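The chains carry the letters A, B, C and D, assigned in the order they are written, with residues numbered from 1 in each.
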Amino acid sequence: MSEPLARTTIHEFTVTFGDCDPAGIVFYPNFSRWMDASSEHFFRTCGLPPWREMAKTRGLVGTPLLEIHTQFHQSATYGETLQIHTHVKEWRRRVFIQHHRVMRGTDLLCEGSETRIFCIKDPQNPDRIKSIEVPEDILAMCR
Amino acid sequence: MSEPLARTTIHEFTVTFGDCDPAGIVFYPNFSRWMDASSEHFFRTCGLPPWREMAKTRGLVGTPLLEIHTQFHQSATYGETLQIHTHVKEWRRRVFIQHHRVMRGTDLLCEGSETRIFCIKDPQNPDRIKSIEVPEDILAMCR
Amino acid sequence: MSEPLARTTIHEFTVTFGDCDPAGIVFYPNFSRWMDASSEHFFRTCGLPPWREMAKTRGLVGTPLLEIHTQFHQSATYGETLQIHTHVKEWRRRVFIQHHRVMRGTDLLCEGSETRIFCIKDPQNPDRIKSIEVPEDILAMCR
Amino acid sequence: MSEPLARTTIHEFTVTFGDCDPAGIVFYPNFSRWMDASSEHFFRTCGLPPWREMAKTRGLVGTPLLEIHTQFHQSATYGETLQIHTHVKEWRRRVFIQHHRVMRGTDLLCEGSETRIFCIKDPQNPDRIKSIEVPEDILAMCR
């Protein structure tokens, strides 16, 4: 992996009993849950305020997903401490691709790409959201 | 149980593999999750619109909890179909107590009381919520 | 979609308040949770007993994932009833690809492929699992 | 609170976006999930191995719940760091009561009691579990 000079954050946590299924291993949707937490952690570490603040100041409601693609290499179980290494692999005009590697120390357990967009409340219809271009100032903070 | 003449709704669902823990039985916070779903199902069955509608028409954001008290009698596992019988045990001026019995056919698995309030967005501070008296019209629909 | 003659099952459920996030839409890892439930529902509909039975009779512990790939087309919110249409797109010797389309009536909300294997407890080490070829009798029941 | 000389552990974590509901606050069953994680953390901190180890060495499968009782004083939202203070309030012959206080710094958000038992696999029927007296050696480690 000749990966990134890109800014990378690390989010650490411990797997709990309730995260695991009757086979004794992590129930896999929890990996998506943790990747989302790690995406949130990435933006906070870059200095962005929580979405609820940005909803008020500029209408931003978050970074919904267009697509995910995850590969599972090894299982994990409760009591284990894992680290998610997160960076943005690609910034496009309206879309960015965030990449997560879930590690147990030096073992790669699982890795996934998330294609996300920035969304605001639709000014025409407050019940809907609409995507916008990646904001320049956010790009500057997170690259 | 010489229980209720009170209006009772029944919410049925099937336990999934992912709802269970490494002991092979339902991870208990899922019972709270299902009771909350059954509370929501109760109000919809009584004819109330979703909270997001009532947030717009009258500022109501839902029925947050003050207190829960749950007893676990028997465990459940995946593939089993359960029914939650839900009714309101007591309507007070600002508070109501909703009661849930989780059944597997005629077996009582678990039962719980939830003390809830009706809340609106605080007109002084849109980030806060504040409790109101139980609205008369809602009481009339749900009793 | 000139899709399948392959056996397809439909799993229906209603989105709850607690399935949604502060943006008011389904928190996306729940789609993975529902797809897993739908995979389980598929095998039960084909006549397979629960994994805990097959663990006893033949050591089978389930169908862990190697890979998932999901595309999100439209969001959903609480109170909506969704249907997941599930079929197996491809049976290989050691691997099968299960495909899920999450519909709200005729609207396609999201679709995903899961690459899965059949696993047994490792006879050498009961703490580990190992993949086996797709069992002939299961293939016959599910095709 | 002239509480405890009893051994108390503190489990810290950060609330995520996905832990919150459309009202923008923690979906309350997550508090039960975190209390369970904190119970597990308590026993590990006292020096007990994970349940899967003790299942092998002495048949112990965990500490299922008989009853929970939780009071909610204040809500929490994503981005906030919380601490759960956990101790055992009472050890009886077959039952113990674990108490959790969920704090945000010096603010008490919620507190709950859990009545739990120690269980082993039923030697007569490996599909069932049965409660045992609180083991002397575990009591000695955790008191």
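We adopt the following convention: a residue touches a chain if its C-beta (ideal position, glycine included) is under 8 Å from a C-beta of that chain, and two chains touch if they have at least 3 such contacts.
All values reported here derive from a predicted model rather than from experimental measurement.
**Student:** Compare the two sides of the chain B and chain D interface and say whether they are made mostly of the same residue numbers, over half shared, or of different ones.
**Tutor:** same
**Student:** Please tell me the distance, in whole Å, between the geometric centres of chain A and chain B computed from their C-alpha atoms.
**Tutor:** Whole-Å distance between the two chain centres: 32.
**Student:** Report, in whole Å, the distance between the mean C-alpha point of chain B and the mean C-alpha point of chain D.
**Tutor:** Comparing mean C-alpha positions, chain D is 23 Å from chain B.
**Student:** Quick check: how many Å separate the C-alpha centres of chain A and chain D?
**Tutor:** Using C-alpha averages as centres, the distance is 29 Å.
**Student:** Could you list which residues of chain D touch at least two other chains?
**Tutor:** Residues 17-18, 22, 24, 27, 29, 33, 36, 51-52, 62, 77-78 of chain D each touch two or more of the other chains.
**Student:** Considering only which chains touch which, label the overall pattern as line, ring, star, complete or other.
**Tutor:** Basically all the chains touch each other, so complete.
**Student:** Using the touch definition from the top, list the residues of chain A that touch chain D in their complex.
**Tutor:** Against chain D, the touching part of chain A is residues 13-14, 16-18, 24, 33, 36-37, 40-41, 44, 50-52, 62, 77-79.
**Student:** Once bound in the complex, which stretches of chain B touch chain D?
**Tutor:** Within the complex, chain B touches chain D at residues 22-23, 25, 27-30, 32-33, 36, 51-52, 61-62, 64-72, 75, 129.
**Student:** Which of the residues in chain D come into contact with chain C in the complex?
**Tutor:** Touch list, chain D to chain C: 17-18, 20-22, 24, 27, 29, 52, 77-78, 127.
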